[in-house]
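Reading through the structure tokens given below for one structure.
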């Protein structure tokens, strides 16, 4: 029931708000949905919900991504209330174009994390695209339309490939043994050892390319910068922080089947390869980037590459990747929320038009600086530790040069970020300008996210470390 | 006990940093809090270091705190303690100076963060020397970089400052790649990030030690400022507020030396070429550093290049030490390391002092161009006197401290040349003329600086209306000068502090006999020198009491209408020194010769750019960026193109993977 | 060096002998040129006269201007206490004293140049600039020459180095010692502003080096400078003397005699060199000094090739 | 049944190539509808009575596919094309001739892939896998080659049809609910795309995606 409630409550609230457009209803549903979802997720940590058959179940991997999604959604919801109702910004009347889809989006993402059925997984991931496309088009401008169109087309095409991959897996399972094959994780992992290798490989390639498109792995990442630059900031935060992870979970599920088959080496190679390509491509685009929201989007591509590399390398690197998933989600969501504050102050996403953000935005500016350092892998923030974990595992692995390439790319990418962000952050205020008076609700969510990222940099609670270790072992790593 | 003090010091520093930020807009209060914390933290750290050095041995403690990837293990051994001492002394003095210096910025800049990042930087440096675990070390190291980055960009409304900050960040981060790889390699070898584990695992073999050495050289050398990875240094140090320049030049770059020494302790007996390499680096850094310093017209930039020079001297000492170690010559090894270590302290003191002096000049005149100063000795007597002490000290002249450390290195090199034999002997011999040349050039440079800035008459209105710095700025300079003199006069005491660290670096159990027996003689030399000068002064006073003393215009060789602008300038002063090295410098010349019978204007300017930067590194970076820029056409905006990428990726991967298992 | 007597003898030589050297050089030059020249003791007389005079100080000068002559003289004097004169060691000798010796000369140069810049005169600045350049180029040569004599001794100590000098003609190292002597000769000329580096007798400020630096000094200060210059000549010449003349290590009267003879010979040689050479163009001086350093480096290389170290 | 099924699949391939070669939007959409009808027949032909799959399941699938693929979606697309007043695709990125040639190559590739990926179980059609691959790949080619939003959606539909064809080999193993969910998702996707096309034509006065290339680096 618990699991059903997790999915159903936001879905129900979403459908409800589609119908009733009154502002209090919209706000209440948004905040209430977020709170309920967060509460249910927290409860799931204490009382792990019982699975409903083989299809709806919450394992440690799902738990990790569910928790990230839930927390980020709460942060984005609180922020969005301020963002959408601030007098200077958008009239509350537009709330109904926002809240229902956001809630449906949450429902879809929750379903992704809680299902063990590959076809349901596919349906859920496709649903995330469909629910979030209207959000991308929220501003109803030409570029927003373009972004939404690209998002819709590219991700749908990718997802279609993933569906083919899912079918291939079913075909492989059919070939594996007598009896009707099942598309649940349990059924597939059981059948995996006997699956014909060609089908398994083809299935994984399709899933990797398909879900990888949604996840933002290069060279399928192309929709990501467009979408993130056009969507409202809280939506960008959720897209980068939560949605990409959900797509990653899709890849991980396929990877789990490969692991069970005993033939995971090829999958590791592919993950590592695409991971490195992503990091490299993203790094190249970070330099001289003119739009700071696009900048963050490319940084997400880079970080998805890091996750892929971590899982691809296995061992301790996988643990690092899981830790990094948390770090990246929180840091990136915080960055996008702060980007919203910057956008509101300067009225543009052009990085060159922004200067002296630290002086102009006395709260958001320093916070943005801190999260920039965090996402750049600077201590004492979490990404430093997770990237160091992946790196040292990579260096200790069979090809030490992979480790060197990894750390080099990461550092260069951080410099690319610095090259764009520092000129925005630094510099004095122009004469006569007054620093902005910032509203608490616009700063509190990113502040909380930054605090978590900081905490994870200096102290990972033992329980969390154990949990992440279990997650890592589930997806072929070691703690 | 010492560890408790040191960690307490870090605690005080961090707490005061938080407090300085927390008081918000009450800038002066924030500054006071920060300074008080910095001083208290430095005192605690210094006490810890002295206690540890006097007691000897090493202490180790593990905190009940787990980093995500390592342990919080801290420790103090002679090597750490000696560097801790340097941090505490220079950090404390510069903090007091900073309290006076930053006051002038109140109302224009946020002082709270500036004070906080200062304390954070000091705390991070203490963390670096205390760390006994690779992860904690790297963490402290990066925090050090971040904190110093914020300090460098304190005046971030100036474009040049922002650029310097970015350069600094780029250089630091590229350098730190090598350190990451270094520690990961060591961990792969030893199975642990803990230093104890690295030591227990013994020397890595199979070329790994060589690789590790090279990585340490690049990684730590970038922070230290070895040529050619020094390029950030002449930009960043002048950009920072002067007390920060003092701290960065004085001790932060020495963290690179510390890291190098610490790494060497893990790598076992050094082969000959390590020492020879360091000697080579030392020669190039030292000579190039001082030459570029001579060519500078900006006071702080000049001092920054002198840091490159002095790091070169330290590298020479380390090289001599390594050479001795590689040949099992304990005396040579000890002398080299002791000289290098003492020079770390010495350079911290006199470079701190000099940057503080430069800051006072900047504060009083708003001018950093040497050729627009002059005559400040009259209006700023304390600054002038202390700056002179620093100038003599940095030139390696008695009776100041720079002489003592260079003397140790010289003596080590002489002994090395005599006893090492073969390639090691030649390398040691190469140190001697190089150090001599560096010393001679340093004398030339500091006569130039001191003469043009403080002597003669003012070349600009700003210089003419200069005033002495406030008490908070004066006293640290006086204290620094006094310490420089104290080490020069009482070397035995201070070499005694460096000796345990040198022994540790050289992996020696006991001090080689008789090496330091000559130090009391240096005391004698210094005292006789001071006494002789004093006696002569008394003699002259006695003689002049009976004779007429007049003050008159300077003899102008017959030209009656001399103006301040006709004084010798820094550029002209340096020209004959630099002329033979012209090919080593990257000089751009602006030359407007007088033409016609009644020439109106004539101009001659020479600017020396950094060859390593402008010929080597900047083009390399630009090339990489251009390549990245060319990739941008991939994101051309057309959805069909994007879908084609997906299709192409799919087909390639599918055909590759399926063909791999095709029957 | 132990005992009062040798120390007293050393200090006496150090204090009394210097002004004689310019006299000997001057006499030699005069003789070569066929003139009578000034009296041998002229420098003593000049110093005495200057000490009794008053002083004129330039208006822009500060205490640095007054400190210059003092520090320079004091530093040279201490260097003189280190260097062995009429014996195998000086009163202040210690292991590594060679380095201190060179550094003390540097200190003197530092303050002389600083005092020159304190006058705000472009001429004196020019002199200081040239002195700075030549001083910097002299250092490597000086140290390399000292390396040649110190390496066989295994120590940067005058007493040890002089004791280790090969006084048998067929010793394989004597050509190298000869190189050291030649280089030290060049250093001597440069350090003391003699021809061909500088012309102490020139009368055009634009071409001077040392003289133009001290243009504004007068009275006792000038006396100190004049005396200091002579002292420096003696102190540096003492190095050369020990290379070319077998001053007995135990000193005594024989030591004094050998030393006086050697010093006189050096002074005469300087006089002859100054008479037969012209001053080099300023731009060519660095080449001259660097050439000397290169020669010394060759000496060191030969030493290494002989397996000496 | 094999021959019958293969004939059906051959017809699917013919419609694929027809769509690829056609420049008129209406013709493209109609051919899609024809393909939808063929696909709706596929489950019945493949698994027929006694094929081991419950008849209800087959009928539901068939009816669903007919409604969605041959009914609603083509109607939606036709309306969108009419609304945008677009008749024919003038200059596609890849010319029609080249498209057909490339299409033929992709069909070749599909046949090779099908030789390696031998269909498991008792699927009674030799052309099933190649036809699935070919339809999907040709749909992809449409997506890459064409400029108009409507033709792009047609390409997407073909891609999905390819997946659908392959899915028919698994009719036994997928619960009908899931299959219908997939169909529904497809419907909603195309529906959303239709809305997007509507907005595009209103915003830019046509449905040429060249206008949608302002976001770039």
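Order of writing sets the labels: A, B, C and D. Residues in every chain begin at 1.
The definition used in the following text is that contacts are C-beta pairs under 8 Å (C-beta built on N, C-alpha and C of every residue); 3 or more make two chains touch, one makes a residue touch a chain.
These figures come from a predicted structure and were not determined experimentally.
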Seminar exercise, completed: If you tally C-beta contacts across B-D and across B-C, the winner is B-C
For this session: Let me have the rounded angstrom distance from the C-alpha centre of chain B over to the C-alpha centre of chain D, please.
Result: 69
For this session: Calculate how many whole Å lie between the centre of chain C and the centre of chain D, each centre taken as the average of the chain's C-alpha atoms.
Result: 99
For this session: Could you please state the distance in Å, as a whole number, between where the Cα atoms of chain B are centred and where those of chain C are centred?
Result: 35
Seminar exercise, completed: Chain-centre distance (mean CA atoms) for chain A and chain B, in whole Å, is 43
Problem set entry | Of all residues in chain C, the ones touching two or more other chains | none
Exercise. Tell me, which residues of chain A touch at least two other chains?
Worked result: 149-150, 153, 157, 198, 202, 225, 285
Exercise. What are the residues of chain B that contact at least two other chains?
Worked result: 632, 635, 639, 643, 646, 654, 658, 661-662
For this session: Can you identify all of the chain pairs that touch?
Result: A-B, A-D, B-C, B-D
For this session: Under the touch definition given earlier, write down the residues of chain D that touch chain A in their complex.
Result: 113, 116-121, 132, 136, 140, 143, 149, 152, 156, 159-160, 162-163, 166-167, 169-170, 172-174, 178, 181-182, 185, 188-189, 192-193, 196, 199-200, 203-204, 209, 211-215, 217
Problem set entry | Contact set on chain C toward chain B in their complex | 51-62, 64-67, 70-71, 73-75, 77-78, 81-82, 92, 94-100, 102-104, 106-107, 109-110, 113-114, 116-126, 128-130, 132-133, 135-140, 142-144, 147, 150-156, 205, 215-216, 219-221, 224, 282-283, 286-287, 290, 293, 297, 300, 304, 307, 309
Problem set entry | For the chain B and chain C complex, residues of the former touching the latter | 374-375, 377-378, 384, 388, 392, 395-398, 403, 406-407, 410-411, 414-415, 417-421, 425-426, 429, 432-437, 439-441, 443-444, 446-448, 450-452, 454-457, 514, 517-518, 521-522, 524-525, 528-529, 532-533, 535-537, 539-540, 543-544, 547-557, 562, 564, 566-568, 572-577, 579-580
Problem set entry | Residues of chain D that touch chain B when the two form their complex | 93, 109, 113, 116-117, 137, 140-141, 143-147, 152, 209-210, 212-217
For this session: Over in the complex, which chain A residues touch chain B? Could you list them?
Result: 149-150, 153-154, 157-158, 161, 197-198, 201-202, 204-206, 208-209, 213, 219-220, 222-223, 225, 266, 270, 281, 283-285, 287-288, 323, 356, 373, 378-380, 382, 384-386, 388-389, 391-392, 395-396, 400, 403-404, 407-408, 411, 414-415, 418-419, 422-423, 426-428, 456-460, 462, 465
